[in-house]
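Two complexes are shown next, each including chain A; its partner changes from chain B in the first to chain C in the second.
And now, the complex of A and B:
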């Protein structure tokens, strides 16, 4: 096993400082244009094989026995009957007697059998005796002074208090003060492809086909958990159907699958079902904020005082940025993470940001109403200074023009009839810088090109980006490049998360392709009588910069290699990518005040991401992010029974997701910033949508919803409260 | 091919070797201006490689503040 090394951290500037040797092309052929996904045909025809689709000789199917109770002590586990069931080849206990189970769905035992049906039957034959213990089922219960101390270190973890400026002076300067409580729900990831893998042992070497966002990270995770060398593990992810931050490790099911395969002496396929997904594979924590905020008579923010809390279930991670973006000079905040007996949180598409954005942006509209300012004008007065990584002052006017914001009416649609229309706006920010990727390029004597990188395409188009940058650099058609990714045998690349992949991978590909091209130029130059530095590659030819006729075709150039291909390694270098994105969204909604149903009809997103590599997949990211936000705003909600703590909607029937008729008209206006280099885009568009929708609903109905999701019952309740004179 | 181990500002040599969070696997660059737009907050979700859960082998939640010297299940 090679000596382990640490991946160094480096700071990325807001604007790439330039890298002359590998600079991005100034007049690209493909970059920044609409390039179709190279694997689109494979996906729509079913040729693309996801982990779920992997079939191995003599493969078995695994099934996990999970706790039905949110809190229980395991008294005994009896595998006898399961082991005797038809087709069963392996059975194991995951926990020992006396183990305390802390959430519904926690793994208790597992079986592997010849068919899925046999595995399910055998799982039902595992006899587990539980001593059911009273659970903590809500943050309110967990935080109450008389709550049982369920977690050994206490049910609440206090965060550090943040305080800036002079709060008393800030409130003294306020002409108006808002005091309200806001909250967001627990959202599960609902990846279309569930978590899971296929594990196969060959002696002491493990091959795992895993639905993961990190082939290298998952390799490390298997090795650490199984106490085997990383070099003995290979993780493959050719295609995967979404993870949204929840798939960075082998997880319990991965380790169980490997152990079942070891015990059975056969490959095991263990993919989770939808109920298991909801219960045990992570979620976005809830957020609560009790806020007092002040604004001066001329519309300047003066003070912000907040107590915040939230739950990530049986784990931490419920922090969120607050206030978000806008400048409160005097502010204080105290946050608490609350533990309850429910599945733990995991990173989820811009962790913390949708919560902080929703709470702040709804508050901003409330303050704008008090000072009788248009919401955009009010925001413009309180935004940070304009900068390359903070361009809201430029983007609000662009979005307003695209959207037709000047047609906005004051809060409360005064037109007759039950259907009310409204506009809302919001802003977002995210980092998105990457580093650390490596790649390997081969130019073959027959003209073939192979680019290998140990990244993975989690549905965002990374495979296509690798092909684009390689083809652009070598002057070849995109389909002339063989892009190989999704395998931990390929050069190291980090996990695909935090919107880092494009900024991490594309510079590595650029550097590697330039190096490979330089090697080919060195071979060809003497034959053409042109110095290597004067050769360029374009349109499938290698030729003199100022004399296109003085050259040869790509194939002719490669033929000069004889039997020895060019094989070069390259890695990410600074100067080709940056960090820090900003965006603005505006939404139009239609609210039926008789049914309480809200429908988003139109949404404009103005968003930057540095240098755009593929306009089509970038726009696709925006559209996907907006839909994510629509679901967060109106539909998704993990609901726990307040008495038993069991999830009452662990499916896709009652855990609501929008359908085709819920998709608004989306305008994705991408701002190209070639001077900044590449920046990631996965997270940013998902952040601001719910807030813009919430403000649009308030603009339509005249009532303010401060709680997500904004379901019909909440709309009707708010309208009823208004009629009763209960709200402002 | 070498085999890098995860690095993190939040998890270092003083912490348990089994403590993990997503940032250890994502090769991000620090967003140096982040705190110009919002104060410090912690949305980090941790897990233990031995349980693959946010709870350690001793049943207590895992966190960079907890998973270091003095906790019985820690490994270095």
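And now, the complex of A and C:
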């Protein structure tokens, strides 16, 4: 069965090795400054057209019939009534009779009709006969010995044990041992724009406007599934409302949409609704860890022994890194993937890391309390050595200063009254880094500049970054650059996953722009009587390096081209990007101990990402990441009915996402590392937030929550247990 | 969505003439904030909608010095009404907390009082539960963290209306208009427990409309307030809340009406708490004791015991707030 789809990790050095020919400018005009998104006005005025907004002549609307049952056998599918419903132009079965459906929301059939409402109504007329089979509804049930064997290779897949050092010796050296179980919930992506596309055929050629994180990857996906040449597929993604790791392929709905369009002989718009999103388009797996860990009297970690498990739903793994960041010299871990009858996991913003971070960082605070050390001091003792991609030793003090960590009280706010305040901290790491993007640049005789790259802007600001780097390189204003992205007809660029887009795309743009400029210099140099190598482009002029007067305006320079524009291709080269980021977060919370309600009031994030291309969009990533983390900490939870396995909150009413009044004051402190080259930032800031909040709640209340989300019932139960004389 | 016809009723008489006797076949629509969701989720499929926004949309003084609120008054109008805020602060504060600005701008008083439950089994089509004519209440052995802590079932919803709770606290009466004239029903008699009425939440008949809410003149010495406990601060529902209407003489509580919300299938009047307060000097301690009395009879389900604590806190704080004392 499918593994979580994900962009593979990039094996890149932690520091750019240098690339003299294309080196980043040392005194940039735009790079590293606050540049507003070039498409901001289009987005806020609605001129920007998302896949959802695409309208084609004679377009139909598709709707998928999905299994209401977490596990069932399809006995029969009857499309007759649906075909006869008003407006219906196409109907198809997605699965054959006898197919076994493994999760609620699995695709069964589909229809296309003239209006969205007709399609919805018609979908309800598809008569599907199911033989309902008993599902696995929870991890506990799936792991119990008498659970029905639902998955062919077993409900549980046990991984190989990982072991380092001498565990027995480690525990012997421990003055204190913590033995606890931790867990995190299943979180769904909740992209603001749902999954889906508009598909239109012209003969045997398909054009698809897709909400995707991978324009080229999705082209390949369509070609493979539809058994047509890749050259016959064009994928367009001009604007995109978020994917967070769940949108790398056409998916079932994309292929269904293409098939409906073919059958109907008309374009089909098939975008999912919120319920379908929650059920069938991926999630972050849950994580559980039963841990025994030891610390020496002087606060050094000695041993770590963990059994871990989690579910990625129907047949998908649930791996996560553990222990996270801190150095346990002697450790062992045994992991199990548990399968249940629920929608499968997909990559989700820093896959695995928030889970591993939460579990480890909460444990770290428990250990720190036992040796009576301040959490920051305790962490500083147990961090790995400082390295370009491991800078926590520098960042904890910076964060502490920005945050006012010195005002932290010991665990348990002693202030009288029900409202308690607390501080918490945590650290994160991530890879990032680039590879493989291509670009094409044209300099036109009238002075126009086109930069093309088949990357996609998933909301992070990639379009703006392309313009910044091009303008910087050519010495032009940002709005002089025509940036064209989001189309598989443009040069190849990889999927936007793993925080790799900036580090893949910006070097390609830099290389291509330098090449284009070199070509222009070669044309202009003889006319100016200056060797090409001595020419520089700045402030809209091409001139001798040491004599600004000896030159011409950009327009004049381009006019020398006559009728033939400059057109060059370039691609990513090493030396302009690197891999590996580190960050530290500190949170302040306010907990009402008589209601169990926790509110995050303040959050400081110290984060690096190599060379900062646009400070404004970088800060946006940090703020967005922190909000992501706040929601993970307090609110989000995919809740399945324990008896039927059906999701009870597949909406945005009971699947809670914080609103403006739930947002803390966020300080985004970015550390610029121009010497490392571009790295990438989409995922790192989302990792540490929940752990910092958990530790802050414990600092406030004196009771420790080891389970996400930290809802009022859990806070009150922990306080109750403490009052009843329970341990910690 | 099933095709339906739409009657834009000019007044009460027209609206009544368009209703029918069969449940959920012809439905009144106010702001549509609840009803449209029900229809889009295929939970009700009416053949006709009757717009009731052109019924009385005014807030008027009654001869006895109270207020009479038309059912078509929008929540935002109520919130902005100075007399209402001065005379019935708990009602206005609770209106202010409803949903989001959009919901308050569109939602009406009539719609708020008659909105359907938010139980997630009720709202998801997959679950054919008791209230929908099925055989089981899924909440009993299922996910009941937001369900009722009072009541014997067989259905364990919490009543969703904020305003209903304040209406009970202030002793409001509702005017119900039907084909053969109008009747006045006390708010406390309006809402019904599921063992009396499983398929609807109140006494309103399909051919009737709620047209007015009448609030009696505030008694001398009346001090009132509401306190809501919300986890998420917007676009969400309270975990539990309470209103306290205290008739005070100096620092002494002469009489009290305490009503809790989001804890039972109807707004839940806490008679024991009222008795515990009567005659007492208002203090943190007496408020706390009354709150304890308020939740004495709670029968939490498997996952909602925490709501007992939350409700208790809401009662304590509503009482203190009403008395003008420090709440936290």
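As a working rule, the second predicted complex is superposed on the first by the 717 of 728 C-alpha atoms of A that agree within 3 Å, B and C clash if a C-alpha of one lies under 4 Å from a C-alpha of the other, contacts with A are read in each partner's own complex, and residues count from 1 in each chain.
Heads up, the rule we're going with is that a residue touches a chain if its C-beta (ideal position, glycine included) is under 8 Å from a C-beta of that chain, and two chains touch if they have at least 3 such contacts.
It should be emphasised that the depicted structure is a prediction, and the values quoted were computed from it without experimental measurement.
Chemist: Per the contact definition in the header, classify A:352: touching chain B only (first), chain C only (second), both, or neither.
Modeler: The answer is first: A:352 touches chain B but not chain C.
Chemist: Once the structures are superposed on A, label A:418 by its partner contacts, choosing first (chain B), second (chain C), both or neither.
Modeler: Touch partner of A:418: chain C, not chain B.
Chemist: Thinking of the overlay built on chain A, is A:146 touched by chain B (first), by chain C (second), by both, or by neither?
Modeler: In the superposition, A:146 contacts neither chain B nor chain C.
Chemist: Is A:96 contacted by the first partner chain B, the second partner chain C, both or neither?
Modeler: Touch partners of A:96: none, neither chain B nor chain C.
Chemist: So, does A:298 touch the first partner chain B, the second partner chain C, both, or neither?
Modeler: In the superposition, A:298 contacts neither chain B nor chain C.
Chemist: Please work out whether A:390 is in contact with chain B alone, chain C alone, both, or neither, and reply first, second, both or neither.
Modeler: first
Chemist: Given the superposition on chain A, which partner contacts more residues in chain A: chain B or chain C?
Modeler: On the superposition, B touches more of the residues of chain A.
Chemist: For A:202 in the superposed arrangement: first (chain B), second (chain C), both or neither?
Modeler: After superposing on A, A:202 lies clear of both chain B and chain C.
Chemist: I'd like to know which partner A:650 touches here: chain B for first, chain C for second, both or neither.
Modeler: second
Chemist: For the complex, which residues does chain A have touching chain B?
Modeler: 1-14, 99-100, 102, 106, 151-153, 157, 159-160, 162, 164, 214, 216-217, 219-221, 224-225, 230-231, 245, 248-252, 254-255, 282, 285, 312-325, 331, 333, 335, 339, 344-347, 351-352, 356, 384, 387, 389-390, 429-437, 489, 491-498, 500, 503-504, 572, 577, 579-580
Chemist: Within their complex, state which residues of chain C touch chain A.
Modeler: 1-2, 42, 100, 118, 120-121, 123-127, 138, 141-143, 145-146, 229-236, 239, 303-306, 309-310, 313-314, 316, 328
Chemist: Could you pull out which chain A residues touch chain C in their complex?
Modeler: 68, 104, 117, 120-121, 124, 417-419, 592, 594-597, 599, 634-635, 639, 641-644, 646-654, 656, 658-662, 711-713, 716-717, 720
Chemist: Chain A touches which residues of chain B in the complex?
Modeler: 1-7, 9, 17-18, 20, 22-34, 36-47, 49-55, 59-63, 66
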